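So, here come the structures, one by one.
In what comes next, chain A is part of two complexes: it sits with chain B in the first one and with chain C in the second one.
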Partner chain A sequence: MSTATIQLDGITKSYGSVKALDSLSLSIGPGVTGFLGPNGAGKTTLLRMMATVLAPDSGRMEVLGSDPQRNEGRLAIRRRLGYFPQEPGYYLNLSAFAFVDYIAILKEHTDRAARRAEVRRVLELVDLGDVLHKKLKAMSGGMRRRVIVAQALLGRPELLVLDEPTVGIDPEQRLRFREVVSRIAEDHTVVLSTHQTEDVAAMCQRVVVMDKGRVRFDGTTDELAAHASGRVWSAAEADPSARLSWRTGTGQHRLIGDPPAGSQLVEPTLEDAYLLLIGHTTAAAQGA
Partner chain B sequence: MTRHMDHSLLSAYQAGTLRPAQAASVEAHLTACGPCRSSLATMADPGRLGANWAAIEDRLDDRPPPLSERFLLRMGVGEHHARLIALTPALRAPTVACVVALFAAGVVTAQSAGGPRDGWFYAFVVAAPLLPLAGVAAAFGVRDAVQELTAAAPTPAFELLLARALAIVTVTTIVSLAAAVALPDGGLAAVTWLLPALGLSAASLALSTWVPASWASAGLGGAWVTAAAVSWRVNRFDADVVGRFAALGPTGQLLFALVGVAGALVLVLRRETLDYRRIP
Partner chain C sequence: MAILVLAVVVGIAFWLNRRYSEPGAAPAEVGAVGWAAAMRWTTVRPLARADAGRLLRHPSFLVGAVLTPLMIVAAIGGEPDSSWLRASTSIALALVPLGWATIIAANLVALRPRRTGADELLSAAPSPQPVRSVALMLSAIPAATVAAVLAAGTMVFVGRSHHFSGSFLAAEAAAGLLIVAGSVVVGVGVARWLPHLGFGILAAAATAVIQARFFELDAWPWHRSQADPLRFLAFLAEPTSVDLPVLEVRHAGWHLAYLAGLVLVMAGVALARNGVPRPLGALLGATVVVTAAAGWAQLRPPGEERMAEMISYITDPVSHQTCTQDATVRYCAPPEEAGRVADWRDRVTGVQALLPPPVAARTLRVTYRPPTVIGNSDCAPQPFFDGLHPAVADKVAAADVWPDDGAVHPGTPRFPCGGSLTQEFFTAVQVGAWAVDLPPSPHHLDVRCSATGQARAVAALWLGAAATPDGAQTLRALVAEPTDVPGLLTFAGWNDPPMWGVRFAAADAELALRLLEMPKEQVAEALAGAWDEVVAPATTSAELARLVGLTPPVAGAPGHRTGAGPACP
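After this line comes the complex of A and B, so read on.
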């Protein structure tokens, strides 16, 4: 049996003629692993499989030592899993407390007093302790997403699968979220999908860049940033030979690609390296 | 000058062994005496304090559950199942109000037409099975807002489905029986849709182990309505509702009872497919 929390071998999934995952193999252990990639890269499909919601067409999976394709294995995984889906859905007429309490019931927290104490604990972790009884329909989008983060933390799961959890969360709460996740990742496994390279830089020991159902990069955040070393420069004008360029707030242009001789090289960020790797993003989109 | 309490008295208070009058006297002193409060704090059992605080918080956080959940709890349903059933999408107040309104409209039209032989009554009996069918589909279909979270939880999907389907069938049955009592000399005709409804719902649930529940319900509902419309045309000279649509007659009732049993069997045998999606 593998010691990795998640072991994937040759996982394939298609939607009609579109291959969402193309013979993907990965091994994921404790700590925070971040998945980056453009829309349609296959991140959500992969995370849904890790969360035992979706079955692969072919390939072998092991999550927390169990096979999610077997009934007893799936149950064992679900009892040790926390999941934040990309589109979680809400019962808007419920309060934050009642909603998380409902999910706790689904997660087999049958002892009423212990369950309610756990619901309070997770809501306080995401800084919603003062609005326990506020209805979800009266909450902002960011607050609702924090409720979903809270339910994912119920029962101190050994594996946290988080699909774009920081979308719509304000910077202060994002910091708090990072702190909570980092603490959990000290002895558990967190898998995180995001479009925010800052989240990856702040939280992830390991980053996996996906594109078109395949892994384009797998390594540490430093290794990903180093990928762009010597390939990011600054200039007064855009250069058509650059793979990507955009105008920054200072009026200077930031360019990525193969710099011409004498260019003013700048320190690459994780985002530069990601863009260099994927290279799909338009300059206009980045200049925004 | 304030006299401080001796250690044994504070210790007995902390252990909860004092008589009520003594405890009240100690509490009165503690509210005014900081050093004694400090002494007590050093004796306090953190576990007991934590449990007390949790109990206080629990009481403060206690809110009455919604009416439907309170009703289920009164009926002896466990808290766990009461909550799962109360949050059934098809059992929300607006949906139940629509069901009641439809049945009331059926009763009123039948009353004004003078009995259950009228075309409106036929439409009512044909439309009635569609309600539980739609409700069952919604209970475990795309209309469950938290479907993705439910799918990743260890509670078996089959358990949730069964609890909610039973609740829907119970509600619609109670409403239909009330309608049957209110109808003029048409009591039996008003409940002829019950077995078809159960059969269609069970068949829909069984099919949902292969295709999405909404597809199964839409297909079966469409077939039912088409068959009813064709029968109405073909048997238009028959004065009796039951005579106009074979599905409502004795043979139809038997057939739908068998379909219901078969559907339930398939659902039980294939229940595990509900827990793991091979379709997006």
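After this line comes the complex of A and C, so read on.
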């Protein structure tokens, strides 16, 4: 049995003629692992497999020491899992407390008093302690997503699988979320998919960049950022020869690629490195 | 027609599915865990409590609950004097619409994760699908409890203005509660196997179609009598129109076991969606056997002792009746008709008061007999024998049930299909017919002769109407009733016609109405003064009219029928 929390070997998944995951192999252990990639890269497909709600077409998986392909394995995994799906769905007529309480029952929290205390705890963790009995339909989109984060935290799961959890959440709440996740990740495993590179930079010890069902990068955030070292420039004007460029809020242009004339080298961000990597990959694929 | 309705319902089901499906949310390919050795059933109770709350608050269930008291009142309210047999079975029948609403509610509650796009989130929780299904199906208990409370409350209200003979039959009414409980199971089962919107509605429609097939006597797949025990294989079986508990063969306990078995089979089918582990397979098999056994038990003929009691009730009714003697008149009635004896007595004494003393002093027997033609719930007429268990019907003959004993056999007290009461007008006319020597007949189908145009026919009708409160009004209404032979009173389409052994003409009834406008004593004196002439078969109604000083009706005019079978001797 592997000591990794999640072990993937040769995982493949297709939707018709589209290959969502292409013979992917990965090993994930404790800490926060962030998954970045463009739309259609296969991140959600992969996270759904980790959450045991999707089966691969081929390959071998082991999650928390159990085989999710078997009923017994799936049951064992789900008892130690917290999951935030990309599109959660809500019982809008229920209050936040009632909804999370219902999910707590499904998570086999059968002692009523203990369950209610746990529900209160997780809702307070996401700063919804003042609106426990507010109906979900009366909440904003961001608040509802915080309810979903709360249910994922029920029972202090050993594995947290979060698919774009911070979409629609305000910056203050995003900070709070990072804090919660970081604390959990001290001795548990958190797998996070996001388009927000700042979240990855702030929370993840490890980042995996995916594109077209394959892993393009697997390493630390520093290593990914270093990928763009010496390749990010600031200039007054845009340069059509740059690989990527955009105008910033200060009026300057940020360019990625070869140095244009009159430009100034700047410290790359994780986003710069990601854009450079994905752009690289796209160009290589087009060249091929 | 049934196929057209089914096609419309299927179309609505698929439209609803397309209309309310979540286009963006892909359903989890791997849903809740199926059967697993490490399943924890402790989740069932709190889950059931949560699901029951959602079911009982669902709009479909609430609509059904609101309608239930109205359905009960509609089923029972029209008959202020009825039997507990009919009331108990009506309660069960009135709960069926709540059952339909519950199928839809349970189905929608079970499909809620799919409808809201939360199925992926919820299926990632460890609680296995069989546990969730059992929890949902346990909502059947509170649903049935609500149905019981509604039924009991409504019956308290109805009971203030109604009188029911016999005893409340809890087992009969409980069939309705099992139907409501079973509806939850059906709704969940359909959601498990056909997880698309609209199939719940289809399931409710299917149960209605299946039940309707059993209610119809002459539709595929059978042609059967009203009392055929095959009807107990439906969800509900109405009592026959005989409406006599002693003649009803109902194995209420076995029917409950049958229904419970069906519910458990459906529950097993719902759980089998995730596979059939050995214990479930064994349980399912045992339940099917028990259901089949209970179904078979309902089809058995009554035991020898019960058969003998039923045959005795029909062919030797006096031994089951209470008889009272007033001077020269003897009244006999079974317990369920005992309330009518007082009215019979009033009509007889009313007629006797208008007769010459020697005629009034004659011996008379008024003996209750079952009606010859009975009506079922939609008032379609059925022969009495069709309401008997086939094993009993095979052993009795019409001559045994309705002997030609010369007695007056009181029939229906009201106009057809639960119409207005007549205050025993028909019995009064039978007594009048007896008084004027018109031949008595055992039952309505045995019309001995035609008294049309005879003076004594007018006298019989007048005597009956004069001895009955509002008798003129009743006779007038009778003349206005539809007839299948112009000019005759034929009780066309009546599901329970009076037991008049002779045919009367409408014209004679109209002449009797004219006599009713005259002082009663004056008419009685005129008839008494020429009694032998009045009762002679050859004396015509025109001659009677002249006798009492009225213009005789015109012979051959519309409404006056001079020929309708052999004339009464």
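Some notes on this structure:
One rule holds for everything that comes next: the second predicted complex is superposed on the first by the 275 of 288 C-alpha atoms of A that agree within 3 Å, B and C clash if a C-alpha of one lies under 4 Å from a C-alpha of the other, contacts with A are read in each partner's own complex, and residues count from 1 in each chain.
Note that in this section a residue touches a chain if its C-beta (ideal position, glycine included) is under 8 Å from a C-beta of that chain, and two chains touch if they have at least 3 such contacts.
Fair warning: this is a prediction, and the values are worked out from it, not measured in the lab.
Look at chain A after the overlay: chain B and chain C clash there. By the touch criterion defined above, A:Glu72 lies against chain C but remains apart from chain B after alignment on the C-alpha atoms of chain A. In the superposed model, A:His133 makes contact with chain B only, not with chain C.
Set against each other, chain B and chain C differ in how many residues of chain A they touch, and the higher count belongs to B. Of the two partner chains placed by the overlay, only chain B lies in contact with A:Phe97; chain C stays clear of it.
Shared-chain residue A:Arg243: touches no atom of chain B or chain C. When both complexes are aligned on chain A, the segment of chain B among 21-29, 75-83 or 255-263 whose C-alpha atoms clash with chain C is 75-83. Across the superposed pair, chain B and chain C both touch chain A at residues 51-55, 71, 74-75, 78-79, 81, 83, 85, 87-92, 101-103, 105-108, 110, 112, 148, 151.
Remark: chain A residues 48, 51-55, 71-72, 74-76, 78-79, 81, 83, 85, 87-92, 101-103, 105-108, 110, 112, 115, 148, 151 touch chain C in the complex. Note for the complex: chain C touches chain A at residues 22, 24-25, 28-31, 33-40, 42-43, 45-47, 50, 112-113, 116-128, 132. Residues of chain A that touch chain B in their complex: 15, 51-55, 68-69, 71, 74-75, 78-79, 81, 83, 85, 87-92, 94-95, 97-98, 101-103, 105-108, 110, 112-113, 116-117, 120, 132-133, 148, 151.
Taken in their complex, chain B has these residues touching chain A: 54-55, 57-58, 61, 63, 79-80, 83-84, 87, 144-155, 160, 272, 275-278, 280.
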